[in-house]
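Just passing along the structure, written as structure tokens.
First chain written, first letter: the chains are A, B and C, and each begins at residue 1.
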Amino acid sequence: MSQPLLKLDHATIRFGGLTAVSKFSLEVQPCELIGLIGPNGAGKTTAFNMITGVYQPTEGHIHLNGKSIAGVKPHALTREGIARTFQNIRLFGSLSVLDNVRAAMQLHCKHGVRAALWRGANFRKLEGDVESRAIELLEIFKLGDLKDEEAKSLPYGDQRKLEIVRALATRPKLLLLDEPAAGMNPTEKEELMHLIRFIKDKFQIAVMLVEHDMTVVMGICERIAVLEYGIKIAEGTPEQIQRDPKVIAAYLGTETEKEEPADA
Amino acid sequence: MDWLLQQLINGLALGSIYALIALGYTMVYGVLRFINFAHADVLMLGAYAAYFLAPAVGGIFPLPSFTGTLIILLLSAMICAGIGILIEILAYRPLRHRPRLTVLITAIGVSLLIEFTCQHKAVFGADTKPFPQLLPEHDFNLGGLVISSNDLVVVVTTLLLLGIMWFIVQRTKMGTAMRAVSFNQQAAALMGININRIISFTFGLGSALAAVAGILYAMKAPGIDPLMGVQPGLRAFIAAVLGGIGSLPGAALGGLLLGLLETFAGGISGLSNYRDGIAFAILILILLFKPAGLLGKATIEKV
Amino acid sequence: MSSTLNPSSTVGAKRWLIAGIALAVVVSMFSAQFNRYHLGIIIDIGINIILAVSLNLINGHTGQFSLGHAGFMAVGGYTAAKISLVASPLLPPALQPVIFLFALLAGGGLAALTGLGVGVPSLRLRGDYLAIVTLGFGEIIRVIVQNMESVGAASGLKGIPKFTTLGWTFSLAAVTIYFVTALVNSTYGRGFIAVSDDEVAASSMGINPVRYKVTAFVTGAFFAGIAGGLYAHHKQFLSPTGFDFLKSIDIVVMVILGGMGRTAGVVVAAIVLTLLPEVLRQFSEYRMIIYSLLIIVLMMARPQGLFTWNRKKGGAA
């Protein structure tokens, strides 16, 4: 198999005495749709935070395209092709829907302070391009009509979608979605599953998602990793995961396999 | 050598006062997570309370005397505790769930309001007033060293109050509740702790300490004026940050360190003119290299 | 702050800038008609507009609470004043405006450099910590100036040539407004507001928060320095006490009153707050009491500012 896009090698992070994620190893291939599941507090979001550079692993390594990301700041990692959404929605609330996407596009926008001040023909053309690209992305998620609304005034489901659009605007190779379906109704979830598959194929990106909704996870993921108490207890296809006794135990809480929880 | 020891004594006395004021900043920061700019002005009000109480108390217990001073200290502390609680209820409580910046600006507004109101000629007036002698003064000569009785009183009072504070916070129910509120306000409220009462208590306690500090400061200063709190207030705030804001031992340590550093720097010719700047330079250095302070805990922002 | 960027409306911005400068210069030609007292106040207004609009880039758009604007103003003011004091007598009258321009730019430049020096290390800090560091920085500047014999130390710097005119002041105010507005109203500039709204999310979107904050800080400091230079050549006298904590608070209040991140509102606030003390002249002893009450009441009743209006129009960013 080709070089993995993302490689976690025994990534461990401790907060004081608590080991939130322990020796987590995982490979993500380009254009793969992978799920990360586990009970509440299993360390899924923490894993995301390590991958995106928000937290630095205490031990272990993370490689992106074969390069170590140790010490790389989140904004620089975005430049390298990692984008994410947040579990607790972190839009730029006071900006319009369009400007949320636009802000994420400054990364690939060639002009800076000088062009903004001079406002020449080139600047206007670039701004026009940025705008049409942003609208194009918004249209995929049917948010085009809402482009002038204030982001924080959007309904919950639309805010989640806007987070995905905003992340896509950074042109990622790996998109991390943190509970994208949370708070959505069944119809919206159905639509979301379709959209995630669509953007994965259209933009040729790998998608990694943390999700509690099993219909969504089992429905779209090609591969799933399961975390419990910060430890990976299983990895495989949806079918394998559904049959895995450890996973069933973790979710249903039966006493088979109940080892001492790691450090927790 | 004598010079060093002498500076050490002066520094300890000054640092003790900073420590007392810093405790107030740090406690309020602990429960409400904001810098109470008006704290410095409560200190000034404490000194003025003593100034106005002195003749009345002196009528019963002729000053200078220890009994009279003790009564003045207690009364001023009570008055300032009341003022502190009132400030919180009127100005900060309505803003409890607003952005911290809003509260910070309000605190600056309250501080300015107190300063300008007190400077008005119908209140205290802007001029410097001589502070009455409360305690009998005596300089002890220890082979070249001069220790004034005032300095001794300052250090002893501070140690005593630090002990009392430690007891209140660590050993009483109120103190446990304070710590709970500072740890997690919502959880504390769910456990049946009356948040408003704890916050009022904290403001009261901090303001009482500020009053004592104000009087001790005034005893060493040439006189009192409505802006007298500003400089020691800023220093004490820096001390609180130096020690780790939110940490009581940190505030005490920070106060002492700052007092010592300032006294030593002030004693070196050439540096003495920059005394005002030194405290801030120290603050900036700490925030850059150890933002959590000497005894503070680093926190991780949850994403 | 919520305005949607509208390229078509910002295209004409350069024309507005030129119109603004032209208007300032034309009005300036008639300034002899003004009563000296009124003229003085109008220039004060212009200087305060520069200060408030530049601080708005830091405090409003970028959401970094700085209490040190008076410090940057002092750096710019003293630098510019010292340059004209030295250079002005040496050069012919025709070159005086050149000296002034150079002095202003040098003052702004040094203020910007100071801003870089203060900003790079301290902008990692958040909220009230940053406020305290910038406050401390302002105090340090004051202490340094107080001890510098070459700029008059505590007794002040006297005899600064009167170069500041209505034309200079309002041309530069127009430049400041243009600069800040144009900067923020671009794809690049949305980054400032993104940092202000949510720093963590911003950095996850490839926005380098430190870079944006430092840019805002340095730009703000530069214009504060320019304002300081104008102030020095307007009052013809500088004293360290003129740049104390209270001056920084004054500028902050203008920004808050105008509505953080809303340039138009901030300009209005700068005008109103410059005029207010003049109007309240007969109550001068209560002036500062009213002022501090105003801050408190404002924070309770309208923390979003007084001069903010319907955001549908959106042009205020």
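Basically, contacts are C-beta pairs under 8 Å (C-beta built on N, C-alpha and C of every residue); 3 or more make two chains touch, one makes a residue touch a chain.
Since the model is a prediction, treat every value here as computed from it, not as a measurement.
Looking at which of A-C and B-C shares more C-beta pairs in contact, the answer is the pair A-C. Farthest from chain C, judged by the mean position of CA atoms in each chain, is A. With centres taken as mean Cα positions, chain B sits 48 Å from chain A. If you average the Cα atoms of chain A and of chain C, the two centres end up 41 Å apart.
Averaged C-alpha coordinates give centres for chain B and chain C that are 34 Å from one another. Within chain A, the positions touching two or more other chains are listed as 54, 86.
Touching two or more other chains at once are residues 303 of chain B. Multi-chain contact residues of chain C (touching two or more other chains): 200.
Only residues 34-35, 91, 94-95, 98-106, 108-110, 112-113, 115-117, 120-121, 234, 237-238, 241, 273-274, 276-277, 280-281, 283-284, 287-288, 291, 301, 303 of chain B touch chain C when the two sit together in their complex. For chain C in complex with chain A, the touching residues are 1-5, 7, 10-11, 13-14, 179, 182-183, 185-191, 193-194, 196-198, 200-209, 215, 261, 311. On the chain A side of its complex with chain C, the touching residues are 52, 54, 73-76, 78-79, 83-84, 86, 90-96, 98-100, 102-107, 109, 111-113, 115-117, 119, 123-124, 126-128, 130-131, 147-148, 150, 166-167, 169-170. Listed in rising order, the residues of chain C touching chain B in the complex are 65, 121-122, 124-125, 127-129, 131-133, 136-137, 139-140, 142-144, 146-147, 200, 246, 249, 252, 256, 285-286, 288-289, 291-293, 295-296, 299-300, 303.
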